[in-house]
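What follows is subunit A paired twice: with subunit B in the first complex and subunit C in the second.
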Partner chain A sequence: MAGPSRGGTPGARDASWGTAALFLGPAVALTLVFTVYPVLRTFYNSVHFVGPQNRTSFIGLRNFADVLTADPVFWKAVGNTAIFSVVGTVADVAGGLVLALCLFANAPLARACRVIWFTPVLMSYVVVCIIWGWIYDYDWGVVNLLLGWLGLDWLQHSWLGEPGTALWAVMVAHLWKWLGFNMIVFLAALHALPGDVLAAAELDNCGWLARTVYVILPMLRPTVVNLLILSFIGKMMIFDLVWVMTGGGPLWSTETVSTYVYKRAFDWNTFDLGYPSAIAVLWFALILAFVAAATALLRRRERLEF
Partner chain B sequence: MRPARLWLHHVRRTPLLLFVIAYTVATGGPFLWVASMSLRTTAEIFKNPYAPPATPHWGKFADAWVRSSYGTYFWNSLTVVVSAAALLTVVGAMAAHFLARYRFRGSHAARFLILSGMILPPQLLILSLFQIMLELGLYNSLLGLVLVYVATQLAMTVYLLEGFFAQIPQDLFDAARLDGYGELGIFFRITLPVGLPALFTTAVLNVIILWNEFLYAVVLLTDDAKRTLPLGIMRFMGGHQLDVGMVATGLMIAMLPVVLVYALFSDLMIRGMTAGAVR
Partner chain C sequence: MRTRRARTFSRVSLLAASVLVATGAWSARAEDTTLTVWSHEADEPAKVAFREQAARDLEAAHPGLHVKITWYEKGGLDAALKTALPAGQGPDVFYVEPDQTQYITQGYIVPLDDLVDWGKIYDWARQAWTHDGKTWALPQEAYTDELYYNKDLLKKLGVTLPESAQLTQDQFADLVKKARAAHITPIAQGVGDRPYPGAYVLAEALLRKLGPDDYGKLLHGQLSFEDPRVVDVFAWVKELAGDGAYPRNFMTLKLGESHYYFYQQPGALMLPMGSWYTGRAFVPVEQGGQPPDFPIGIMQFPAMRDGACNECKTLAVGASFAINAASRRKDLAAAFLNAMSTPEMGERWIETIYLQTAVKTNVGSFSGPYAGYFDELMERQKGAKYFIGMPIDIVTGQCRDSFVQVMNSGFPGGLLPVDQAVKLMNQGCYKG
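What follows is the complex of A and B.
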């Protein structure tokens, strides 16, 4: 797909203010009221105590100081989110690539597989979470059932109930939901590869493994980089899946920054919107820094696309 | 290929085939399982969770619809999602048309403003949106949720539509001007009809994404009569955790529209969902 043009397409007309107001007005107004204003208000809240009935008092940077120095749960959440984002992203992109290569290698019924494999992407997190909650069920979930059937009873766990396994169990469910997305992106990139290069590799009697590693992968580099960044940013903001599956528990073992922000704002009776706002601002700054660093590091001329 | 070679070829491909089958079962299986459970009673499920429905209890759907108020949740979801998608299509198409077709001093700023929504974490918005919607009297209101949904999906909608609209040949617009069409006439009689496939794609995408939306809804709606389907299922799950059969029926009610739309437009939806990442 062609990216959007900058100053209108060639032959674009100069617009009057009236035309601009007519066409852009509604979109800009909605963005200002429901996006820009809330963001500014969150920044404002982050340096205030915001109690019930909007009783606010300015407290400077105290929220930020408290978050960074006196909140072990926050750091636990940061740790979990970091593990989730790094391991999850690598697994997500590698898995998507493997799936795409399977279909690219002329697996039978590739079209049907593509459609079925993509289905989880379209399902709501609530649906995915409840289904996976059952799959992980200690007594009748399919995971423990299969383990028992294979004679591996000692591997059976209460997957979402034990601090040691919960984060990994959530990660697998997330992977299951999103692998299809990366697969499609890789598949599109694979089909866009120059056919003569692939044919030449085949003529040279290059095995499929060598062909994949030395010919296909280097050509896919831009797609890999793009997906790594996209997937990482998405996981830094993970909320729904964790919230519905474990609520951050047991014992903070799946607490992520987003679920912690939500808890501090709406779930705990702390009655202060300022503190979670400070966390949200900090986290946003970190995400922006990451995007900037990734862009600079990879020296991409084009703007990152989401 | 000689028969021997052909046989070898098949043996070599067996691992690939097994993997493909295994992954297909892993992705499709859970949905079939839920579909089967949605037609069975909880007692039957606890006896054997993986048996197919012996005698399908279709009545469970009517039961969920009426007695567990899934009907209310469904209509709330439908109202919110359809209104938001319709508004998004109109507002987004107008903005995208302008950005793609006109030179204007404020265009860069407007594009930056509208597209910046794509990298804002929802947490940055949701905390103060809660306050703002209370102040505007839009808290606990479906209208409020519609407006928030339009704002959150606007960036993606404008981004996709501008890409499509920029590809419409300029000749069409020049000809329309010669025929004396005004600015609005050009939008309604050239961009909208020619861009119909793109409008349709983004509308379907928005419907699916918003149908599944959870975070904004859970913060901005508390009244049970206003709940959308994901919230309704969560609430039912909270009160009837052990009634697995009924929860499965509820899941089916939420999943069926998505599956139906997907069955009709699978290619379009796969392309649309990944349009931002594929170049």
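What follows is the complex of A and C.
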């Protein structure tokens, strides 16, 4: 029996090279210009000193050696990014799961809550930063006013202005923005679970908690794994929120690798793109290694969708 | 047949007419030229009016020329330039400030030595943009670092300024304590969105203590921050911070908010700021400006004990304009810069913006609602010895980062002891 493409009209697989080039050309060209070239250029810059007017001189691995052995701010940024990526990811995914379970269980006002919890996802980072900047303000911010009202004045802080609290304050703002996204993904996964399994658990007098722990969560494992990895990668590259809220301060306490790369490249007025490129290459290699390891570890058990 | 001929004729006529119209339109467009300008300070109506006036003057002098100014805030302008310039795009003329030397090193702007009429610009202002013997931008705005204060609050605290309007460092420290005891914020200052305001008091104190030569060496990495004189000044500022000189929300308070904090809500005794302060403050109250009857005064930054130059103060260039190296209308772009730099425009700048300018002017007396203010500002310049350039315009690389994190925010914010602050600054800046 002939396939549908064997008739008079050629199918996609029968398209000529010219047709394929016509359709793929623009996308390939854009990818080459805006993705492949910048990546290759970053690798090239990382082993060069980039001087005024883009004059370059080859310096081998000196930038990498300097980054790894003589740059305390880089290691501070690595530490902050690691904390942000690990703690933020766990909080993001766990929080999203809890919210999704609330909605799945038809908690009161579930429809309204779904809209309210998802709304921050639609906001731009700048708006989120302004809102949380007000919330955290020492003098008129809601957090300190609430603490004062509760008689807990001793807990009042300049939340974004103290090294001990700034990173955590930024993480809370980030969590608020992205919780709704994870919630929606989990909710879709929950609604896709086989109804007969859930019904069987109910017939077996399985309580709500036991059903969640022993039935629902194991079936959600692929979704959990995907969200954990996606969230982790996103946080390893966190920039916007930190840049607008704290600029990496106070005293580098919220400096992340991305903000540090930006500062070295554009904010130091030196315009040597070699050194920040070396940091970017190192970080790219680390993220790539993490994704490869996670994929290898989980490949046999789950099909990852990122 | 006749119908066919007529139809052919009408078609040819229509085609010819179309060609004529199109050609005419093309030639009309070819005669018209648009000069594009990107400028910061969209939220300062007086400066907007000033530059638009220069644009209209240039258009009047060059029929067929249209000057299109696109107004930005600083962040948006810098972001747009970072994208446009490397691509060989961007406006013919754009706003720059003296710390943005990367435009020179990257070759994005052209030297103006032979394009601009430098006879109308003060030499010291031109120096701010002279690198490797070439001048790269036209300075327009000049300003001095000033210590504004609320006259009523000072009176309420029972303090009278001496004739010189300069307190000693001990008197200043006492003033801070008195204000805090009276539940008045001594100094309205915040570093939430700028890399320099937190360092005003510290930098001016260092200038007075060290004198301009050693202060310059300090900023250029040729003098250690462990110099006893520098440590003395850091210790004094630490004492001020410990006495509550700055607001509790110092780390997050934005520049515009600090102005409002000073003259409106909740009110503060002093505001150290560049004299460009007026560009934002002298606008109607409904636009966030200072109330017309606000009792603003200007005192000198305090005299330091054994100070090498207590009459010194910082003079700097702010708003400047450069010509894009990719511009195909450099002569017209230069004409626009010259149109902003005539003596008449210099006078207009002073009379409408109430701020010093790099343009040579002959304004002898001032009029208008803020004449008293400007007289006082000029009074504070008498006998002054100037150090040219804000620290943030001078420091680069790791030193700039240390300056922003330590001298601008962490140290005045009370987050660092003196020895650690000095050590961090030395790590970032000192080349000895």
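Details
Note that in this section the second predicted complex is superposed on the first by the 285 of 306 C-alpha atoms of A that agree within 3 Å, B and C clash if a C-alpha of one lies under 4 Å from a C-alpha of the other, contacts with A are read in each partner's own complex, and residues count from 1 in each chain.
In the analysis below, a residue touches a chain if its C-beta (ideal position, glycine included) is under 8 Å from a C-beta of that chain, and two chains touch if they have at least 3 such contacts.
In this text, all values refer to a predicted model and were calculated from it rather than measured experimentally.
Aligning the two structures on subunit A places subunit B and subunit C in clashing positions. Judged by the touch definition given at the top, the superposed model places A:G96 against neither subunit B nor subunit C. In the superposed model, A:F266 makes contact with both subunit B and subunit C.
With both complexes placed on chain A, subunit A has more residues touched by B than by the other of subunit B and subunit C. Touch criterion met: A:W252 reaches subunit C, while subunit B stays clear of it. Looking at the shared chain after the overlay, A:P276 reaches subunit B, while subunit C stays out of its contact range.
Using the contact criterion defined above for the overlaid structures, shared-chain residue A:V73 touches subunit C, although it does not reach subunit B. Applying the stated contact rule after C-alpha superposition, one finds that A:G88 touches neither subunit B nor subunit C.
Of 76-84, 166-174, 274-282 or 418-426, the subunit C stretch that intrudes into subunit B once chain A is superposed is 76-84 (criterion: clashing C-alpha atoms). Subunit A uses residues 54, 266 to touch subunit B in one structure and subunit C in the other. Partner subunit B is touched in their complex by these residues of subunit A: 1-15, 19-20, 22-24, 26-28, 30-39, 41-42, 45, 50, 54, 99, 102, 105, 107-109, 113-127, 130-131, 134-135, 140, 142, 176, 180-181, 184-185, 188-189, 226-227, 230, 233, 236-237, 239-240, 244, 257-258, 261-262, 265-266, 273, 276-277, 280-281, 283-284, 287-288, 291, 305-306. Those residues of subunit C whose C-beta lies close enough to touch subunit A in the complex are 82, 99-102, 104-107, 192, 247-252, 266, 396-398, 400-401, 404-406, 409-410, 413, 415-416. The touching residues of subunit B, when paired with subunit A in their complex, are 16-17, 19-20, 23-24, 26-28, 30-31, 33-34, 46, 49-50, 90-92, 94-95, 97-104, 106-108, 110-111, 113-114, 116-132, 135, 147-148, 150-152, 154, 158-159, 162-164, 166-167, 170, 173-174, 183-184, 187, 208, 211-215, 219, 230, 233-234, 237, 244, 247, 251, 254-255, 258-259, 262, 266, 269-270, 273-279. If you check the complex, the residues on subunit A that touch subunit C are 51-54, 73, 133, 136-139, 158, 160-163, 249-252, 263, 266-271.
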